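Shared between the two complexes below is subunit A, which pairs with subunit B and subunit C, respectively.
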Partner chain A sequence: MALPPLTPVFVGSLWRRRTASALSVLAIALGVALGLAVQIINGAALDEFDRGMRVVAGEADLQVLGPGSGFDDSLFETLALHPLVAAASPVVEITARRIDGAGELRILGIDILRVVAVNPKLIPVPADGADGDARFAAFRQDALFPSPALQQALGVVPGEHVLVAAGQGRARLEVAGGLPGMAGERVAVMDIHAVQTGFGMAARLTRVDLRLRDGVGSDAAREALVSLLPPGVRLGAPDESAARAASLSRAYRVNLTMLAVIALVTGGFLVFSTQALSVARRQTEFAFLRAIGLDRATLMRWILAEGLVLGAVGGALGCALGYGFAALVFSLLGGDLGAGYFDGTEPSIYIAPVASLAFVSLGVAAGLLGSWAPARAAARIAPALALKGATLVGAAHHPGHAVAALVCFAAAGLAAALPPVDGIPVAGYAAIALILAGGVLALGGLSAWLAARMPARHVATRLASARLQAMPGHVVVAAAGVMASAALAVAMAIMVASFRDSVDQWLDRVLPAALYLRAAESDQAAYLDPATQRRIAAIEGVSAVDFLRYDTIRLGADGGAVTLIARPVSDDGRELPLVGAARPVAQPVWISEALADRLGVGTGDALEIPLAGALHAFTVAGVWRDYARQTGALVLPLARYRQLTGDARANNAALHLALETDAATVAGRIRAHFGAERFELSAPDEIRRISLRIFDRTFAVTYLLEAAAVAIGLAGIAASFAAMAAARRKEFGMLRHLGLSRRQVGAMIAAEGGLTAAAGAVGGSGLGFAIALVLVEVVNRQSFHWSMDYRIPLLPIGVFLTALTVLAAVAAVLAGRHAMGGSAVRAVSEDW
Partner chain B sequence: MGLLRLLVLCLPLVVWAADYPPVRPGVPLSLPEDHGAHPRYRTEWWYVTGWLRDGEGGERGFQITFFRARTGIGEATPGRFSPAQLIFAHAAIADPASGRLRHDQRSARASGRLAGSATGRLDAWLGPWVLRAEGDGFVARAAGDGFALDLRLDPRAAPMPNGADGYSQKGPEPRHASYYYSLPALAVTGEITLDGSAIPVSGEAWMDHEWSSELMPESAVGWDWVGLNLADGGAAMAFRMRDAEGRVVWAGGTLRAADGQARALSPPEVEFAPRRRWTSPRSGAEYPVEWDIRLADRQLRLTPLMDDQELDARASTGAVYWEGAVRAFDGETPVGRGYLEMTGYTERLRM
Partner chain C sequence: MLEIENLTRRFAGPGGRTVLDGLSLAVEAGSIVAIVGESGAGKSTLLNLIAALDVPDGGRIALDGVAVSALDEAARTAWRRDHLGFIFQAFHVLPHLSLRQNVALPLWLQGGDDATHAAAADRMLARVGLAGREDSRPAELSGGELQRVAIARALVHRPRLVLADEPTGNLDPSRAGQILALLRAQVVEAGAIGLLVTHSLEAARTADRILRLADGRLAAAP
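For the complex of A and B:
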């Protein structure tokens, strides 16, 4: 295909200003790469999770799902013999803690004779040399069959033994073989009876997988089976768990996609800057082309084509980077960027054609939109005028912009008040876009206002100030990119700081005791029985003990899992991190914000809770903040829970110590009394440190990406100034002729640069405060269902803005030095 | 005997700890109570095989079997999913028209209504599959992949204890033995279903009931077994255990005349001589599908209803064997019909 004859003139110009072009391409590439990587990573992790769920569920058409403490296993017989059921496979799931090493084991107790017909991937395969027939090795009560991934994680091979504990039980298990059907999952199977009797789950099941008879629809089966289930046990299709996981990680993904958008917007503004400046430099060129017959529309199309090339190259590069980045992140952090949603899955990169195309298109759009205003400006040039003398065109500033900016801000305020769409805070994002748009529109006015207030003692600063007031459009050209990246960086910084601060305070609130004790890590099946509880309370130096009982129940129309916490709590719930009004009621339950949102209930509303197979009426006494459980949690008074369920066990204990006793001493006594490995003991400081470390790890990626976006924004300002300085060589020559020293011209350029960047930075931080408010109050509240206290990290933001301004000034000087290099005489005369 | 018998015999040796009662001679059978299960013994089976005739004269073989296995695992801790007692069941129809065996199997832990075997009377069940005493006879029901059986079995002759009044020795050492009796000449009525179409049938069947704790001698790798309802009203059972080289480790049998006089056969009185072999296209195993057998002074020739009655159960149980309907001839005269079982022809069976 032959290129049109003007290709070298236009697209070729991108090559002639390759530094600026490269920066634009880089910014777009970063945005595309980031956005795409987030999609790929989450897609792959979700895919893996989904596959994992399907593998776990096998060919099951329906699953009967119970609370974490399980349901009575007499239900199994009813289900298995039901005429609509072709095959049923019982499962009792526990999480066990490894004693003779680090690690947790998710163990599924299965009936090998029944799992075959429903879920063949869970069939354990005994290692060679195991005793007896393959099918009978799986009945051995000490035989553990970990998946390859779990064997690797535990560092064990068949024939070796592991010592594990869960519930009140501990057992020395032989790795009797593997679980090849679950290659990517970290899971092990054991005989169902061994799990039930060995780990405190006697006569309990947590799940039954059902395969229906041929021709029986799952809706019909649901209708027939649902009446057989006790409260708290529900029917689900295997894919519903995957959907819940997706909606959980979606909240995290939207925040990361937000960062991708930052980079793309920055890239768009950089294209705008370089194109505006390049158009200004090439005015004479364009005037000449127009004079020899090139019409306006064609000229405009050519300039847009330049933007298209920048966008396409950036998009293609970003696409490649995105896959590389995703692969890197996978190997370093895992499928959820360290957020911990997909524990136990090992995803692999996959090709996402739709997402790839979408993000490349966004890159192209950024290039095109960035070129739009400069292209229009170039097309409007009057050839005769432009042939005589060049003036910098850009986004001209006029008073109408201030009105438009106000309209944008007002619209943003309205959008922020709208509810989420399908769980995604769409209106919140719209509000952020409107705030950015309003900021760009107001930027010219802001910089003029700022320049007018600048102390003008020196010639150089007076000149700079005068120039910025006279031609605010130029500021917009140079500073728009800075403002966008500064705004979003500041917003993210405030959001993360608010979040971290709130988590910190929340940890204070939920960890009031001096020492915490638990039987096994994150395990509902780990108990402290009443005798153990009494022994703990009797330890010397312990003044009081709060015992906590955890369970998972299913609540609401969707039957989603909810964490039940039974603990000693005052009538007013003062021990809980309550938000909003609380009131004392007769049968109180305190629900977390996530649960309040999901169920649509609030303080004073009635709530029926399934406990021990029966529904009980409660009233919501208050809503509390919970950063730990996004699916929702509720708190019941321990005494009431025990009265209703007869379950006197506890999972955790919070120990309050007598005065002049320290936690380490008491911990030592507990270890001496119960053995060193029986409990995990932790001091609140330690829990807090671990929690905050997890938090920081989760957000480490966001800091990194923010830095990249800002660096590119800064490079953009340097490129803009370089281009601008080149266009103004004549002006600099003139100033030298008028008697200004080279130093004075340099100072003028630095002042212009600093002022421009300051305008961008000040404007950006203002926008950042507003955007952060939207992120905290709207986006996070709607995506994660938790509130946080707005906190501005003033010092880091101040340092950041100052550094940005200084760096911009330095960049401007460096860019200007090149332009001042030539002889003043030649510079003035070259255009004549 | 049968595949699942093998399976049951292959129970892991980790179960030594369990106190399995030994099988000793001189314990008289007590029927009908002994039709029921003997859960303290390691293994037990009720094995029904027979010939069916439909209204058009078409002949088919059938088999329906229940096994009980005491694993010795998890007996100390009761629970619905205790693997202490396992129940297996197996059903098959040999249909010459389709040229292959229809078969299916089930297995489960003994637990409530899901699966189990009662003591004191014949009642074994595994989901909807049952073999149970009803009136003076029994009912057998099973439905598998593309076929179903729903049969009534009525005894027309007295039970036939094998060996020494029901003590059946299986090897040179007396400890390798089972309690074993047969119910020959069971009149069959009922219905089978093949690919959705119900076919009324009648015929004649044979039931073995056998329980033991230690059955197979260490040197044995497989066995040949036959049970025949003779046309004159008599019955014949014979088996031999083979070692890896094909030599006879032990043999035995029972020959009962039409008048009910039965005699137990000692090892030298039982001979199996292959006449024609058939090679399975699936497993590659070579089975002697036609035999000359000698039971004391009685010489019989066995020919199969069809050659391919091999059961390939490697996918589920890991074993391949031949279990099929046979006709018995005395010279050229048909003198009876029954079932032949040949195991250990593909690979050495683990004990």
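For the complex of A and C:
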């Protein structure tokens, strides 16, 4: 197919200014690559998690799910004998802490005779060399059947042993075979009786998988079975857990995607800069074309076509980069980019055609939108004036822009007050977009204001100031990218600093003791009975002990898992990191922010909590900040919990020490008393260090996105100044004729570059403060349901903005270097 | 007085040639000399050398006894700033400065008091017929008016030598006549030396002397 005859004139110009074009393409490619990589990585992890959940559920139509401490196993018989149920398979699920090495084991206790009918993939396959008769190995109390992925993670093969914390002591489990049906999952199965007796779950089940009789719908079965269930036990579809995981990680994914989109927007600004400058340089050419009959609409379409080519090439390149980037990040950080949503899955990269197409389209959109204003400016050129070189495309700043900027800022304020849509802070993101748009509209005015206040003792700064005051439109062209990237970087810096500072303070509040003792990784697999608790309290050097009991209960209409923490707590809840004031009530429960949002309850509201198979009435005495559990958590007074459940066991202990007793000494005494591997002992400093390391790892990707956006912004200012300097060669030459030295011309360009970048940086930091406020108060609050205190890291931001301004000035001088030399002098003399 | 003796300039390379070959010229203060010649005769090269924007291969250029060609780059820049005024065919008036600022530009380079510079610029603008337009922007002016601004800028700092390159090349004949008359009047009044490079014999005839540049040397035009 033949190209239109004007292709070399327009699209061909992209090749003639190939450095600027390459930068635009690269900027778009980076935004597309980052956004697509986030989608691919998170999508692959979600798919794998979903597949894992389905494999674990097998052919079950429904699942009966109970709390972490389980429900009475007599319910199983009731369910199995129900006429609508074809087959039922009981499960006890625990997570056991490994003692003879690092890691933990997710163990499903199954009834091997029952599991066949519901989920044959959970059937263990004994190894040939297992002790005893292989046919009965699955029934042995110490036989463990890890999946291939778990075997690899633990570094064990059939015939070897694994030592885990179990109940009051430890269990030595033999790897008696494998679980080939669960190849990609890190999970193991054991005989259900072995798990119940060995891990403190006697006569308890955590789940029953049900297969319904043919022709029985799940809705009808739900209706018939739900009345049989005690409080705290619920019926759910097997895919609900995957949906919940997707929902939890979605907010994180959307946040990262939005950062990538902001990087893409910065790329769009770069396209805008290069296209606007190109239009300014080619105005005589356009005027000539208009004079010989090219209509305005066609001229505009051609310039848009240039943007489309930039966007399409950038999008395609970004698509390829995205897959490579995803593979790299996958291997380094995992499927949740370090956030910890999909521990235990081993996903792999796959081709995502819809996401790829969507991000390539976003790249094309960035190219087109970046070219829109320059194309419109070109179409409005008056040919007669342009042929004489008497117009200045895009130089002016319209007074209406200030009003439009104010409207954008006001609309952003309104949008920030709107609630989330399906858990996603759509209006919050709209507020961020409006703040950025308002910033671009205000940038010209801001730069003119700054320029008017620049000391103008030297001719170079005086000329720079005069130019920037007279042509704020050109500042917008050059500095829009810097402003967007500075806004992003400052906003993220404030958000991350606020978050990290809040986490640090939160750790202070939740870790008041000198030493922490943990029996097991999960709620039930290992515990401290009352006798053990007394022995711990009696250890020399221990002045007081707070014992904590953990359970996972199901609360709310969706039956989502909630962590129950029973611990000693004062009537006013002062031991907790409370948000707002607490209210003294008769039967108090303190709930986390996430749970308050999920259930829609607050201080003073009533809350029924299922404990030990019965519902109990409590009143919310306060809401506390919890950065550890996004699904929600509640705190009950330990004494009340024990009174209602009869469960006197504990999982963790916070040890307060006598004066002049150090934690290491007491830890040594506990190890000597109970055995070195019985408990995990940690000092608060160590917990803090590990927590903050996880925090920093989680935000590693955002730093990468920030760096990319800043690099794009700087590239933008370099490209803009290179193009402007080329267009101003005759001006520089004239100044050299009048007696400006090369250094003075350089100083003038540096002053212009520095002032332009300063306008971008100052404007960007202002926007960054506002965007950070939206991120902290709206986006994070609505996405993750946790609040944080606003903290501005002034020194790093100040250093960053100064460095950005200086770098931009250097970039401007380097870009304008060629135009300052002898060629500029000759440029004036071209007509001599 | 401008004195040029045995000026030589060669361009190296495969197509290299000698553009100026022992050229000599002397111009008294208060007079204007027009230089005409074919395209490629070396007019640009000569002006670049006189303006100290290029360095000759041989010979000497002196203004009021100061040998310009012996100065280093910094000194040449300073010399240009203090002693030269330029008028270009394409005006080269900065679009982002007001008329007052454009005219005051050479004074800014010399340093000193802003108010004095502004007053001097205003006086020059009045002398070229643009009184009351001091705060206007170049975009609001016609070609003839822009060239008046350029003349004001070229003379505001009282230079000893004014180099005018086709100052009427972009103007219609009636305006060209006015501009040339204005240029002549201002140069003579300032006691400066005017060097006018043009293709137009009409324009050249407004000068005191007309010289033709051919074969690297200047000769009186017929």
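The rule we apply is simple: the second predicted complex is superposed on the first by the 809 of 832 C-alpha atoms of A that agree within 3 Å, B and C clash if a C-alpha of one lies under 4 Å from a C-alpha of the other, contacts with A are read in each partner's own complex, and residues count from 1 in each chain.
The criterion applied here is as follows: a residue touches a chain if its C-beta (ideal position, glycine included) is under 8 Å from a C-beta of that chain, and two chains touch if they have at least 3 such contacts.
The shown structure was predicted, so the numbers you read here are calculated from the model rather than taken from an experiment.
Novice: Determine, under the contact definition given at the top, whether A:Asp111 touches first (subunit B), second (subunit C), both, or neither.
Specialist: A:Asp111 contacts subunit B only, not subunit C.
Novice: Where does A:Asp73 make contact in the superposed view: on subunit B (first), on subunit C (second), on both, or on neither?
Specialist: first
Novice: Output check: A:Pro90 vs subunit B and subunit C. Expected answer is one of first, second, both, neither. What do you get?
Specialist: first
Novice: Check the residue A:Lys730 against both partner chains and state whether it touches subunit B (first), subunit C (second), both, or neither.
Specialist: Only subunit C; A:Lys730 stays clear of subunit B.
Novice: With both complexes overlaid on chain A, does A:Leu738 touch subunit B (first), subunit C (second), both or neither?
Specialist: Touch partner of A:Leu738: subunit C, not subunit B.
Novice: Looking at the overlay, does A:Arg467 come into contact with subunit B only (first), subunit C only (second), both, or neither?
Specialist: A:Arg467: touches subunit C, not subunit B.
Novice: For subunit A, give the residues common to its interface with subunit B and its interface with subunit C.
Specialist: none
Novice: Under the stated contact criterion, what part of subunit B meets subunit A in this complex?
Specialist: Within the complex, subunit B contacts subunit A at residues 7, 10-14, 71, 73-74, 77, 79-83, 86, 107-109, 111-114, 127, 316-318, 350.
Novice: Touching residues of subunit A toward subunit C in the complex: what are they?
Specialist: For subunit A paired with subunit C, touching residues are 388-392, 395, 459, 462-463, 466-467, 469-471, 730-731, 734, 736-741, 825-826, 828-829, 831-832.
Novice: Using the touch definition from the top, list the residues of subunit C that touch subunit A in their complex.
Specialist: Its residues touching subunit A are 43-44, 47-48, 51, 53, 74, 77-78, 80-82, 84, 86, 88-90, 92, 94-97, 101, 105-106, 108-109, 137, 139, 143, 165-166, 169, 197.
Novice: Going by the contact rule set out above, which residues of subunit A touch subunit B in the complex?
Specialist: 73-74, 76-77, 80-81, 90, 111, 113-114, 116, 131-137, 139-141, 191-194, 196-197, 202-203
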